[in-house]
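Below are the structure tokens for one structure; questions will follow.
Each chain gets a letter, A, B and C, in the order it is written, and its residues are counted from 1.
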Amino acid sequence: MPEPILEFNVRLDRGSFLLQTELKLEQPVVGLFGPSGSGKSTLLGILAGTIKPDRGRIIVNGRCLLDTAHNTYVPIHQRRVGLVFQDSKLFPHLSVKRNLEYGFNLLSETDKRFSFNHIVDLLELQPLLQQRPNQLSGGEKQRVALGRALLAAPELLLLDEPMASLDERLKSQILPFLRRVKEQIGVPMIYVSHSINEILDLTQQLAVIHNGAILAHGDFHEIVTTDKVLSLANSLGLDNVLDVELVEKNAELGYCVAKCADNLLLLPHTDAPIGNNVSVVIPAANIALSRKKINGISIQNQIPGTVTAIRTVVNHRALVTIDVGSILIAEISAKALHDMEIKLNDQVYCLVKTQAIRYFGKSD
Amino acid sequence: MIKTNFMRLLAAIVIVAFSATAYAEQRVTVYAAASLTNAIGEIAAQYEKAKGVKVVSSFAASSALAKQIENGAPADVFISADSKWMNYLQDKNKIDKASRHDLLGNHLVLIAPKGSALKVSMDKSFDFAKAFDGKLCTGDLESVPAGIYAKQSLTKLGWWNNIKSRIVGTQDVRAALAFVERGECSAGIVYETDAKISSKSDMVATFPEATHDPIVYPVAVVSAQPEAKDFVEYLASPEASAIFSKYGFSLAGH
Amino acid sequence: MEFLQFTPDEIAALLLSIKVALWCTVATCIPGVFIGWLLARKDFVGKSLLDSLVHLPLVLPPVVPGYLLLILLGNQGLLGKWLHETLGISVAFTWVGAVIASAVMALPLMVRAVRLAVIQVDSGLEAAARTLGADGLWVFFTVTLPLSLPGILTGLILAFSRSLGEFGATITFVGNVEGETRTLPLAIYTYTQMPGGDVQALRLVILSIILALVALFASELMERRAIRLLGNKVPYA
């Protein structure tokens, strides 16, 4: 069995907040997802070394960074754990070039993993090199921060909500660069966000954190149906995310048609060309269920599928998991569940208004 | 009640801030050379007891006092440690010329911290500068009378050039004495009367009178207050003379 | 025009003042930066005590620290006696002593300025530097120090100016020795105590004012320069 890339077990008691987490990660790029206040940033701080836990053990690539039981504590500057902050934290008194070189110049030749020009080209930083951080836009700053962290040859790269302070337009600009880093660089990354959309854009592997504890980790589609995660679907803001292929467009009437497994979906209009794969988001609460196809209704999307799981959660809501080729989770009232007598393996139709569907990276 | 306590505090502050120092009915203010601190202090106490008039004294270098009187300081009587500063005030018409006369005499001596092995013979052939290490303290050489006398003696004895870089000038002769007592200076030049009252220093030698101007302490009335004349007369009385002699001052004739 | 003829004594006092002030600035620089940084960034047992001790010269009448220095470093002082007898070093009545007196009085000003400057540096930047592989010392010299430079410069100017104006501690500790410890303030005082010394006193008073204005002006220039170097933004957290 391959050695886990990251293994940790830490505890930090701040009185008003207790962080107790434990995780073994084998995937190179993992999202860490949780609502505000769940402990995401604290956990990253502990991994990077900027926060000291009460107890714990951290092993990165077989290297022990922290073991309170044996009094091992590798100081921050020796951990080789890179950190990209929400607000870039670029050094204001240095040019972009010098910012990028900061960690790079501290490495011996053998420790350097990437050449300066390689990263500059990858992140298209060439035109910015002589500028000062205060002359850059938010997105540019984050690219520089990313480049700076990479050039320091980290063994693990932590990204702490790096796009949180960017608007949607900037976010979609940064995303390709993150993908490039993931695909071409090969540094293990943990991407932290409170927005599941952001994470799923980069990776399907994620860990879910809530109230200082990791509830589950693994493939998104698997863990989203686990009890622990589902019971918090509301506070976690879980939406359904589907990958579909555009097959038809009509600018006049303002709609697109996309293929999802064997089903056709009617989507709002998008600029993306036909043939492209796009990701769409369908909030669980916007899916209604029916036993059969309904005529004379404005809802154009009626997707057939099989009920694979039913969970009743708090507030008299029920979450029904339906296999339509992909997994969809519908949120209906407990009463509806009861009245319709929905059972496992029932055939149902998922009714979704076109207007309720939105594209990844776009707000309503 | 907080409010009343606050008002009380405020009242107290105002009273203190605006309080005037209590002035006795009758008082005489004496400005005297620093070397007279102990003698005049004692005489003043006696005078107060005998006459019921309060004596307020200010002791400093004669130069500093002369400057203050020139600028209108409220002195009634001035006793200087040399003629130079009395002349200065006389030229500026700040004193009652008729009342001026020489009151006391003194000697100039070399002192060293107690227990010092310093031996000096007062002649030109003696290598004074080599006789000790460290600094020599005396009054400021240009203005303080003790310093002026000291420079004269050192020059007359031919020791000036070799010792001048090691001289520390102080603001008055008592400060020089204090430095020697504390051991900060290895030697000092002060008046015999200062050396006499000092228990922490040894008197090493006396400077021959021929090496410096005669040390005279002139006294004069400065203000028009009747108490001033009275006090100056008291300084010539047998009681005062006894005290001056006790401290080692010689008495000049009237 | 005759008024502007400075006597050799006066020029000596001026040069001595500048010399003492420069050395005082040098002497307070490293301890000032270190203690200012320590109070800004670290927590430790005795921190309040250190803070209070450093600030004492600010609130005490200057003769008090002067007198304490005399007890400590005078030729018969607790430490001074040993220095004098064993090492032959004596600071009493010397310009070195004047530098020490100035430095003690100027240190709190330096520490305050540095502390303020360091606190305003975003500690997140320092954390970021560490994650990039920089150890404590490197972070200090490449991040903290450059970003707190305007404040440090202010501190240095304050120390210099404070030394130019130092009187009470100097005269108590090292006396008023012409050419050795008679700095401008002491020279002015001496002349005011001397009958006929008013003209000299006035000349030196005017000179002191000019010096102070020059120092203030220089500090303004330096601060502006430093801020420009930081990209026209003071790095508030």
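General remarks:
Following the convention adopted for this analysis, a residue touches a chain if its C-beta (ideal position, glycine included) is under 8 Å from a C-beta of that chain, and two chains touch if they have at least 3 such contacts.
Just so it is clear, the structure is predicted and the values come from calculations on it, not from any experiment.
Path length between chain A and chain B in the chain contact graph, taken as the least number of steps between touching chains: 2.
Central chain (C-alpha centroid nearest the global protein C-alpha centroid): C. Mean C-alpha position of chain A lies 89 Å from that of chain B.
For the pair chain A and chain C, the distance between C-alpha centroids works out to 55 Å.
Between the Cα centres of chain B and chain C there is a gap of 36 Å. Within chain B, not a single residue touches two or more of the remaining chains.
Remark: chain B residues 61, 63-64, 66-67, 70, 85, 88, 134-135, 140, 142-143, 168-171, 179, 182-184 touch chain C in the complex.
In the complex of the two chains, the chain A residues touching chain C come out as 48-50, 75-83, 85, 87, 89, 91-93, 102-103, 106-107, 132-134, 148-149, 152.
Residues 122, 124-125, 127-135, 138, 142-143, 146-147, 229-233, 235 of chain C touch chain A in their complex. Contact residues on chain C toward chain B in their complex (touch as defined above): 70, 74-76, 90, 92-93, 175-178, 190, 192-195, 197.
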